[in-house]
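Worksheet for the structure shown next.
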Amino acid sequence: MEQILANGIYLGSQYAMIALGLTLIFALMNVLNFAHGQMYVIGGFVTYTFYGQWGVPFVLALVMSCVTLAIIGALIEKFLFAPVIKGSAREESTMLLAAGIAFLLDALILLIFGEKQRGVPKIVDGVFNYDFRLIMPYDRILICVLAILSIVAFIGLMQYSKTGRALRALAQDRIAAQLMGVNVDRYSMIGFALGAMLAGLVGGLLVTITGVNLGMGGATSIKAFMMVMIGGAGVISGAIWGGIILGFMEAIGLAVLSQYGDITYLLIFVSLMIFLAIRPQGLMGKPWG
Amino acid sequence: MSALLQVKNVTKKYGGLTANNNISFDVSENEILSVIGPNGAGKSTLFKMISSFTPTTSGEVLYHGERISNLKPHIVARKGIVRTFQETTIFKSMTVRESVIVAQHLRAKASLAGYFWGTKTAKEDVAAFGIYADELLEFLGMSSISSELAHNLPQGNLRALGVAIGLATAPKVLLLDEPFAGMNHDETMQMVDLVRSVRDERGVTVLLVEHDMPAVMNISDRIVVLNFGEKIAEGSPSEIQNNEKVIEAYLGSVDDEIGM
Amino acid sequence: MQRRTLIKVALTAVTLTALQSTTALAENSVLKIGFVGVTSGPAAAWGISNQRSMEARAAWINETGGYKIGDTTYDIEIVSFDDQKDPKRAIAGMEKMAQEGIHYVVGPNVDDGAAAVRPVAEANGIMYFPYAFPKSLYQAPASNAVLGMVANYQSGPSIYKHLMENEGVKTVAFIAANESDPLSQRDGGVAAAKALGLEVVSDTVTYQVDTTDFTPVLTPVMRSRPDLLVLSGVSPANAPQLIRSARELGFEGIISTETAQDAGVLAEGAGDLANGFISVGGASTPELASPMMNEFVQRYTDMFGEYNDESNTKVYALEYILETLKAKPSAITDVEAFKATMDTFEAPNPYMKGDAKLRYVGMTSFGQRRQVAVPLVVNVYQDGAFETLFVAEVD
Amino acid sequence: MKNISSKQLVSVGLLLFAIFVAAPLIIGATGRWDFYFTLTSVALLAIASAGVWLTFYIGRINIGQGAFALIGAYVSAILVVKSGVSFWISLPAAGIFAAIVAIVIGLPILRLRGVYFAMITLVLTQVVTLTALALPITNGAKGISSIPLPSGVSLFGIPIIPDFAAMESTKLAFYYTACILMIATYAALYRLVNSRLGHLCRSMQQNEELASSIGVNISYIRMVIFAISSFFGGIGGAMFGSIAQSVYPSSFQVADSVNFMLNCFLGGLGYVFGPMLGTLVLYFGWDLLFELGKYQLLVYSIILIAVIRFLPNGLLSVRIGKGASK
């Protein structure tokens, strides 16, 4: 029981971080960013290169991941999403663009970082073991704490900073924000960069535990979609709840249903569909057409 | 005149909030009845309940004595009670004529499969739709814009398009949602004439929800006034104009609009 | 639009001709060998190690003057097709190989792809060397597929037996990804373990292929406290994570798998925790590798920057094709001649010390010789490198 | 109903000519026999994409067509292998079964809109894959292999044992079958879109509330459309299973579902033949870039992005130039 709880918190905190970036981008621009998982993977590889290969301190490597992804995000928004959104008759066209970018990033990852699974040395050694009832390696505990701190910092940023207020205004109503004097183009770019940066940050954090390989991208995106659906699209608190709920569903499902093997995910998926059929806008979301 | 449409003790609650409380009134055949009230009086909610776009919490709406509340909107439409929307609710990328043709859905005799295979009935339907559309557009004075795309139309025409779409279903009762909102005096007068001719020449009973007092006074046979979700008055325009409660409800904020 | 299309078409055409002209410089005749496998996406590691070992070997042959088959000396050209792990693409890839006039193809890497290309390969007279284990591919009436490695139902029993005899293993648990290949391999492994008299304490736990955190997955398995934990058909990406999670959960038994792994990946992903991990490899451990294998590793590393230990196994398919063609030159265009040669073919194994032989096996498993005799080298990981645990033969 | 203009007649004629005369002639002249399979794939994927396009037509982004293709492939395979039914009967059965599943699943999920519908259909593909892995009738992880070729093939006089002359006509037989199915699909789609049902779909795509106010039973029409869409998916999947002579849980994956969607976007959502063109360009494009080796995906994705960047409304938007004003 303690173990399930701990696994749930640990999974939930990292999932919530992944979902945050996705939902932020969605809230700002109505873009379902298929490339989110690839951005996460790039974050992992950048941290791997700096920390694992070149021996740069871990924190610095994390910062490099964030910076790299923020730049990538900003460039993608400015030169691809912004013009496509302007020129397109339907906003769904951005889905095609996002998928194209996902392919592109996949190709780049393969060419630059290679096909192998990569890992970095543990940042902290040792395992916390409470009578075999609760086992949690220290590095996981550290990452979990860091993830929660990042989430808190992000919420703080959104709540109290000028940028955060502008972003929230933008998310709520683009036109109204524009009338209020928010530079919509600039803040769209900042928001996209921020969302991409979150993906990079969580990628960098998790590379210390799970390692990284180029195949993680697509799967991560799909998981993030699920969390966003559970919580409600485009709502920050929804992303956090979605992450936590999915984390706990996995932790509980894998523990309780292990003897049935293959069906944990099937059940998660099916219950998700039932849940959405009853509550189409997710937990926190507003009905959206 | 017998009551065509009866609103009986209709109540709507959203959580703890009561939007409409125990409202009752009748609409007679071939009459124009307006529901008015200040902002937040519960007009829109009532309107949605009559057209079954939202369920009632309690009470019911009857048409020819048959309950029409808490059904699916399309079923209510099939019974002949059709609502219009405010101007943003249109078929954006259809032309005016296409919109009116689509809206004749209820007049179709052939099945959907019949249209697919192009049966004789379907072909007759298609021809009939076209003729009716042209006739209707001429009646509404919209022939000149029949091939314009809806999202290119100016606001006044959009309202008329809304009425055209509603009329294309050949309704018995037409529910109009704030048909005069945002219009200038001339446009309002045109609309008033239009609504009247709909009733006079097509025999359609009209129930409208409106803000614009002068227009309502001008057009209505009878008026129902709501305030804070309650019915506070019902009667002919002149009765309403002199009703103490109504004057009180509207006092200050919209004095000048009523013209008192 | 038309201008844009034109530009696009022109650009593509230019790139294509540029590429083709570079390959057309060779003086020798060219022998094309195909590769259809996955070189992008999540499973890219499988196909890429495959493709690169072929390319490294081909470059080596071409550099040293080509490969003599009969009276002709050939330069070897590897034609690769990325099937994206999609069986539909794999068919297209096989069609492409037929189009190029290729009769010998390495791959595909997974069960569904291998099954899907069968009709095309048989219709076009292509021998293909998949890394997929379903027996129906190799048993009559199928006759064009040659298993390119040791199947888990062959290696598993030897490993289990070895561990029973030497380590006193009595109970075993299996864990597999929820995907065709690993699940099939798990079922094969479970059957083999039971046949040997091992007690299978857990064989139902599976994980999604995209799992990144295995602690919750492994927790119930660990509760059954097996002596041996078998990672059925584990992908190189997942292996270190599984090992790490199992060890962190306090697992002290033996962990093994029947697929090939890469020492570098294990070192990075699990570090010392991977010590004692048993897997199946080719012949590059110092005890076994011939000078030729060492040179191959060197050339591969020079060419691609980094070696992949999975290539130890995967270098063989190309060698088998070439050696068999050398033994029967007419088989270059006639796969029936190839098939006929397979029954008697024998050549020295250049990658192993001693007198190991290249020959076709599979009579026991498939009833016909449709498997390359790769030495069944069972490795154990220790401090960043593999050590040979034991070597066995498949018949 | 508009009459078919002479221009349209010419286009249709050209298309038929291209498929049945020009393509075989070109392939014969250049000797690129492998293009038959590529074109067969395009035709079959275009059928499934047509279904996705149809759900777009009622304003739903469908990223779940892979699920129905997989269902179709399995139904056909199971009928042929386990019950010995002729493939030509199993083909419509596969479509109908997929449609029935669509109705059952559609009841709850078709109420969802926008990204919610998109994401839940994305999950749907995984649900079907996982179900196929778990069920005994689908043979679980081992899949169904060695599916006999369609019995009708014997009409063309094809033995199963490889034979040069014979194998070429297997390709041809599949090519023609796939093309005929594709043409039937698009003819039906065109007819549907231009019939009353299509008009109702358009009205729903633009405004569901207004559509229901004029008496359109929107939930019924959604269901009908989703069923038809999935029928196409099932047909496409079943044909593929028959060509590969095997079906695995991974025969159609999330990536396929995404590709179906991309085909529609790329061709243009406003044009009935958009998905056909989109499929051709995307699938053929990948094949043409085969020579680029490891740069294949890179170049492919760059071209894809460039197309969207400069033609955000799809390839066909250039020809007609509609939708550029908004």
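First chain written, first letter: the chains are A, B, C and D, and each begins at residue 1.
To be clear about the criterion, a residue touches a chain if its C-beta (ideal position, glycine included) is under 8 Å from a C-beta of that chain, and two chains touch if they have at least 3 such contacts.
Note that this is a predicted model, so its numbers are computed, not measured.
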Provide the labels of all chains in contact with chain C and in contact with chain D.
A
When the contacting C-beta pairs are counted for B-D and for A-D, which pair yields the higher total?
A-D
Central chain (by mean CA position):
D
Please tell me the distance, in whole Å, between the geometric centres of chain A and chain B computed from their C-alpha atoms.
47
Could you state the distance in Å from the CA-based centre of chain B to that of chain D?
43
Separation of the C-alpha centres, chain A versus chain D, in whole Å, is 32
Which whole number of Å gives the spacing of the CA centres of chain A and chain C?
34
Which positions in chain C are in touch with at least two other chains?
39-40, 178
Residues of chain A touching 2+ other chains?
106-107, 110, 218, 222, 262, 265
Topology of the chain contact graph, where touching chains are joined (line, ring, star, complete, other)
other
Every touching pair of chains is listed here as A-C, A-D, B-D, C-D
Under the stated contact criterion, what part of chain B meets chain D in this complex?
51, 53, 72-74, 77-78, 82-85, 89-94, 98, 101-103, 105-106, 108, 110, 112, 115-116, 118, 122-123, 125-126, 151, 165-166, 168-169
Residues of chain D touching chain A in the complex
56, 61, 105, 108-109, 111-116, 118-120, 122-124, 126-127, 130-131, 133-134, 254-255, 258, 261-262, 265-266, 269-270, 294-295, 297-298, 300-302, 304-305, 308-309, 312-314, 317, 323-324, 326
Chain D partner, complex, touching residues on chain A are 26, 32, 34, 80, 83-84, 87-90, 92-93, 95-97, 99-101, 103-104, 106-108, 110-111, 218, 222, 225-226, 228-229, 233, 262-263, 265-266, 269-270, 272-274, 276-277, 280-282, 288-289
Enumerate the contact residues on chain D facing chain C in the complex.
31-34, 36-38, 41, 130, 133, 140-143, 145-146, 149, 162, 166-167, 170, 240, 243-246, 248-251, 253, 255-256, 287-294, 296-297, 299, 303, 310-311, 315, 318-319
Contact residues on chain D for chain B in the complex?
1, 191-192, 195-197, 199-200, 202-203, 206-207, 209-210, 212-219, 224, 326
